[in-house]
Amino acid sequence: MPVSADVLDALRHVTTATCTTVLLKKGLRNTWVRGAVPIAPGQPRTVGPAFTLRFVPYREDLAGPQSWSSPRSTRACVEAMPAGAMVVIDAMGDRQAGVFGDILCQRMVARGVAGMATDGVVRDSALVAATGLATWCAGRAGPPAVAAMHFAGWGEVVACGGVCVMPDDVIVADDDGAVVIPADLAETVATEGTAQEDLEEWIMEEVRQGAGLPGLYPPNEETLARYRAKRGG
Amino acid sequence: MPVSADVLDALRHVTTATCTTVLLKKGLRNTWVRGAVPIAPGQPRTVGPAFTLRFVPYREDLAGPQSWSSPRSTRACVEAMPAGAMVVIDAMGDRQAGVFGDILCQRMVARGVAGMATDGVVRDSALVAATGLATWCAGRAGPPAVAAMHFAGWGEVVACGGVCVMPDDVIVADDDGAVVIPADLAETVATEGTAQEDLEEWIMEEVRQGAGLPGLYPPNEETLARYRAKRGG
Amino acid sequence: MPVSADVLDALRHVTTATCTTVLLKKGLRNTWVRGAVPIAPGQPRTVGPAFTLRFVPYREDLAGPQSWSSPRSTRACVEAMPAGAMVVIDAMGDRQAGVFGDILCQRMVARGVAGMATDGVVRDSALVAATGLATWCAGRAGPPAVAAMHFAGWGEVVACGGVCVMPDDVIVADDDGAVVIPADLAETVATEGTAQEDLEEWIMEEVRQGAGLPGLYPPNEETLARYRAKRGG
Amino acid sequence: MPVSADVLDALRHVTTATCTTVLLKKGLRNTWVRGAVPIAPGQPRTVGPAFTLRFVPYREDLAGPQSWSSPRSTRACVEAMPAGAMVVIDAMGDRQAGVFGDILCQRMVARGVAGMATDGVVRDSALVAATGLATWCAGRAGPPAVAAMHFAGWGEVVACGGVCVMPDDVIVADDDGAVVIPADLAETVATEGTAQEDLEEWIMEEVRQGAGLPGLYPPNEETLARYRAKRGG
Amino acid sequence: MPVSADVLDALRHVTTATCTTVLLKKGLRNTWVRGAVPIAPGQPRTVGPAFTLRFVPYREDLAGPQSWSSPRSTRACVEAMPAGAMVVIDAMGDRQAGVFGDILCQRMVARGVAGMATDGVVRDSALVAATGLATWCAGRAGPPAVAAMHFAGWGEVVACGGVCVMPDDVIVADDDGAVVIPADLAETVATEGTAQEDLEEWIMEEVRQGAGLPGLYPPNEETLARYRAKRGG
Amino acid sequence: MPVSADVLDALRHVTTATCTTVLLKKGLRNTWVRGAVPIAPGQPRTVGPAFTLRFVPYREDLAGPQSWSSPRSTRACVEAMPAGAMVVIDAMGDRQAGVFGDILCQRMVARGVAGMATDGVVRDSALVAATGLATWCAGRAGPPAVAAMHFAGWGEVVACGGVCVMPDDVIVADDDGAVVIPADLAETVATEGTAQEDLEEWIMEEVRQGAGLPGLYPPNEETLARYRAKRGG
């Protein structure tokens, strides 16, 4: 069952810091995409179900410009991307060749893709940023993907930045980077994360007023009572 | 079309050094599995069509002992391995957990598997060596695969040690490590490699007799004529 | 004996480039914190005696949200930080989890901490920047420290970015990054560094006017005489 | 409460592979010392409570031959090692200088130390091996520790090979490498590990007889019944 | 024969993304300088023949402030740099010490150097940026080059960011980073690159209008005919 | 002035551990070749003046089998190697392609080369070992050097395993690895190293007899007096 629009909406108000904290409390430590940072400052938090792509290392007989016309090409893959998806690209952390450039990104915008997260890099990076596609990546490089990678396909379980990503897991990405939320935990993270955001906002205000941390953060019973009184009262 | 038994037999007499040289002459530089070394000295050169497995990083809700009974487990995979295969395991180069231990290796021996090559490590390594399964790996570690990895499946194109491996590519492994030969180049490598081995053996003998390298290695026309006279005469 | 306020003040006018040059002349090559860069452009040069923290890798029985209430928690540690200190955090270079987030940083501001330098990363990074705490780190990540690390304590000799840091060593941090000055060398670096800054400013002006480097930089006796005449005259 | 001699004895019959599997079942994934391999083949499994040492990077004013006579030197530390201990050395994974050489190792043998495990390397390695001290390390190097490290002290919580080690945790080391068992889990690992070793030995025999893996490994109820009948009967 | 000014001019209008694509079509995959990114956003694309420098690791008896006055110093080297050159510095990827600071960069500007690309880092980075010298590097650090490196000389074939660079190869650097074009391929890259830029601009416009990728990118014969009609018509 | 045969002879009795200790006392920390280990156990300590080679990354238009016949090829280089030399190969630490194979090594043996040390790997490794050439390297790989590297030449200052090596520096290699001794320090290292070996042998004997370390190692005045009495008496 796909994650509901309501849950996705709620997650747009939960930071990746909070998402990872809630996931940790559920026993999941390894949900953070290493290496994926915002391509530009100020991108809004972006949320969507994962649409996965996978690359393997290049082999000269496979990875060349001729592969761009193959039915299993990145071009065909872009045409299969659903609106609202967060595209997740397993580039094996390779930073020598850009997985996507401006033309493909422009087409993704046209298709309504929500954003892109990869442990690899992009090319034509200034133009990619200009397309407005929300992008989390490990940097930029000139060479085309085929200079270093062979496209293996889409819609599979993949590795991205040291994390396992399954199709339809929920990706939340913001200034800190990107987190993978297993689909069946998304609602829990949305609910508990929203509550935690509210609590931490209140705690932050207390700290701004000069309160010390012991008993406040994490809150002890007395603090929680005070918080509930203020918020719920 | 699978690679013929004759070609596989011929490749058993061609070193990985020669295989990679012939592949380079055909324009393929990236065919060497980084990190896979013989688990024990003295293993014979081993050759077979690739049977591929793929791991992704662990996620606590997926990768635990319970996964061992899943229909998509490594156990089910072992039962699908054909006799004569070289099992190639994409462990993402992870050296913190052993992909396979002695029980699975013993079963692979029973099934007639030719050998195993991985960019990861094995566990119960002394017992693995005792099973007699020819093994190329990046070392050894105690923890089970599920401590660090989730098994994604088998029979796919995979990355192994920085190389693209497709099912039925031919793997040749010896003291130097392991090379991936694209299936449709296997016969060429067998033929040209055999010829090169013979030539180099003759050159080595010349060097042992005190000959200098210029004109000899690589051989100029005169040297080649001398070689042909000796060998073909 | 702690480093005097005068020396700290003087060091606020010496670049880290100059500090490391003076230290090199005293025989110290290894004083540069690898990986710590300014969290935001335009942070002023920040100087203070080191207050050290140390993390070790996580272990599930130790590193969890419950540890936040321990008497040896990062919370208790923040309450022990003296005004004016440069907080130095040994995160073993781990970039998978943020050592501190916005609430702790806000409290550090309230306590008058001068700044923070770490070979790790921060979380809630946009909010951390908003607290105004001068911060040098290796990037940002969503997960809480406990997802990857166990807090070992404070006030010890630590490793940070490949450098040994002792409590009360002086930290100078600016656009280039952060340098560790052993406490008993701080006065020397302040004095010689101030002189060198002045000399280099004069040399830079000469170069701007079109002078060539030989004899000028490094200055020979004649150049030094000219410099002294100009400055001292 | 220290771990009992009986538990230590029992663990001498449990492989590190089994120890890590039991720990994983208890929720601990991160217990494996990365980089520590046996210095020589054939070392017996070695078990003991951890005696921890910690190094930080060198600083020329601290780390020199003069430091060898300091009261906080590695020499003084060796004299504090109790008989039976497994010495665990946090060398920050540095492979450029040997933490210990033959003279210190010989003295450790004289003191009855059980063995040594480090994420660093040793020097005078042939002579170290000759002392008979059971050693797990990341290789060998000529330079003395002071060429790259400053000794910080002993008896603290340390990081070793990516794992948290507390004094008196139990270290088990064998052909696969070294595992850290939290002191309060040692008895559980000994008990459950012993049982698992027996079960796996029986399963291995079944596999040797030609049995397939499904239902056998991991064992289903029927298999377990058969096993119990055989062993317990 | 040096590359003509016309070719250099033409390359100023070809992105590094396009340069690497054309080079790939000619069989060259390894032309991308890993690690060199723009020191500041908005630097114009910079092109010039390579003037190469090479560093090796430091040795205390060679690499110290005294080396700055040597006839083989970086100072003498700067005075040998021709106007219009792209200075390429092999720093072995070392990020612990800045290859150049503001004074040397200011002098390079005075000499009319086009720009600088290195796999190392710079120091006095804010001041380097202020000189206006177009710079691609791997970051910034305070320590002087001699803290980590010994200057080996200039005008040789060097390694930079994993790429072979020969004197007078053409360097093109822009937002994505820097590419090395062998001198005898520069004209080809200029010609084919210019054509490709025009084609891709037209394709991008098509995509902006809503066109799908299959048949468009890469263009099939019909698309090419349409393009030619539009552009050539 | 080349290092004398007497000094080279004396160094054959000084371990690399002792050489690096003496060099450290002279202020040189960075003299250890990272990554170079003996290709086979039991190689005798090998000493000789450095004959340096340098590789840079491959470029398809330069690095191919055709380069083997170039006048600047590795073949021509082997013919220039003097008897007694320690060949030092800067392979940039690349482990994907073997710098040399059995034929070149056999020729080196014929020319009387003392040994070879590299931060790269060798190919045809079993055959290389069979030539009897004393070899220190970072492992083995099948592909020829040209698959990953372009040969830049010989007789230059090079980087090898993180160390600066100048032609005619003295290389000492043994079980622990390889150290670079600047030519003008070789005699000092031979003299002081010989003395230190004798002292440490005596200390080791004391430890074997049960002596504790304080006062013994490092020796205080009383210990030194006892030592001198024993040895000099």
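Going by the order they are written in, the chains are A, B, C, D, E and F; count residues from 1 in each one.
The working rule: a residue touches a chain if its C-beta (ideal position, glycine included) is under 8 Å from a C-beta of that chain, and two chains touch if they have at least 3 such contacts.
Here the structure is a predicted model, which is why all the values come from computation and not from measurement.
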Problem - Smallest number of contact steps required from subunit A to reach subunit D - result: 2
Completion exercise
Hopping only between chains that touch, the fewest steps from subunit B to subunit F number 1
Fill in the blank from the handout: Touching both subunit D and subunit F we find B
Exercise for the section: Look at both sides of the subunit B and subunit D contact and report whether the same residue positions are involved, with over half shared, or different ones. Expected result: different
Exercise for the section: Please name the chain that ends up farthest from subunit D once chain centres are defined by their CA atoms averaged. Expected result: E
Fill in the blank from the handout: At the largest C-alpha centroid distance from subunit C we find chain B
Practice task
Provide the C-alpha centroid distance between subunit C and subunit D, rounded to the nearest whole angstrom.
Solution key: 36
Exercise for the section: Between subunit A and subunit E, tell me the centre distance in angstrom, where each centre is the average of that chain's C-alpha atoms. Expected result: 32
Handout entry: Contacts with two or more other chains, residues of subunit F listed in rising order
Key = 27, 29, 31, 58, 162
Problem - Touch relationships between chains, expressed as pairs - result: A-B, A-C, A-E, B-D, B-F, C-D, C-E, D-F, E-F
Practice task
Sort out for me which residues of subunit E touch subunit C in the complex.
Solution key: 58, 64-65, 68-69, 75-76, 78-79, 95-98, 101-104, 106-107, 110, 123-127, 139-144, 146-148
Problem - Residues of subunit C defined as touching subunit D within the complex - result: 27-31, 56-63, 92, 150, 152-153, 156-159, 162-165, 182, 185
Practice task
Note which residues of subunit C are touching subunit E in the complex, please.
Solution key: 15-17, 19-21, 24-25, 29, 31-32, 34, 37, 162, 174-177, 179, 200, 203-204, 207-208, 210, 212-214, 217-218, 220
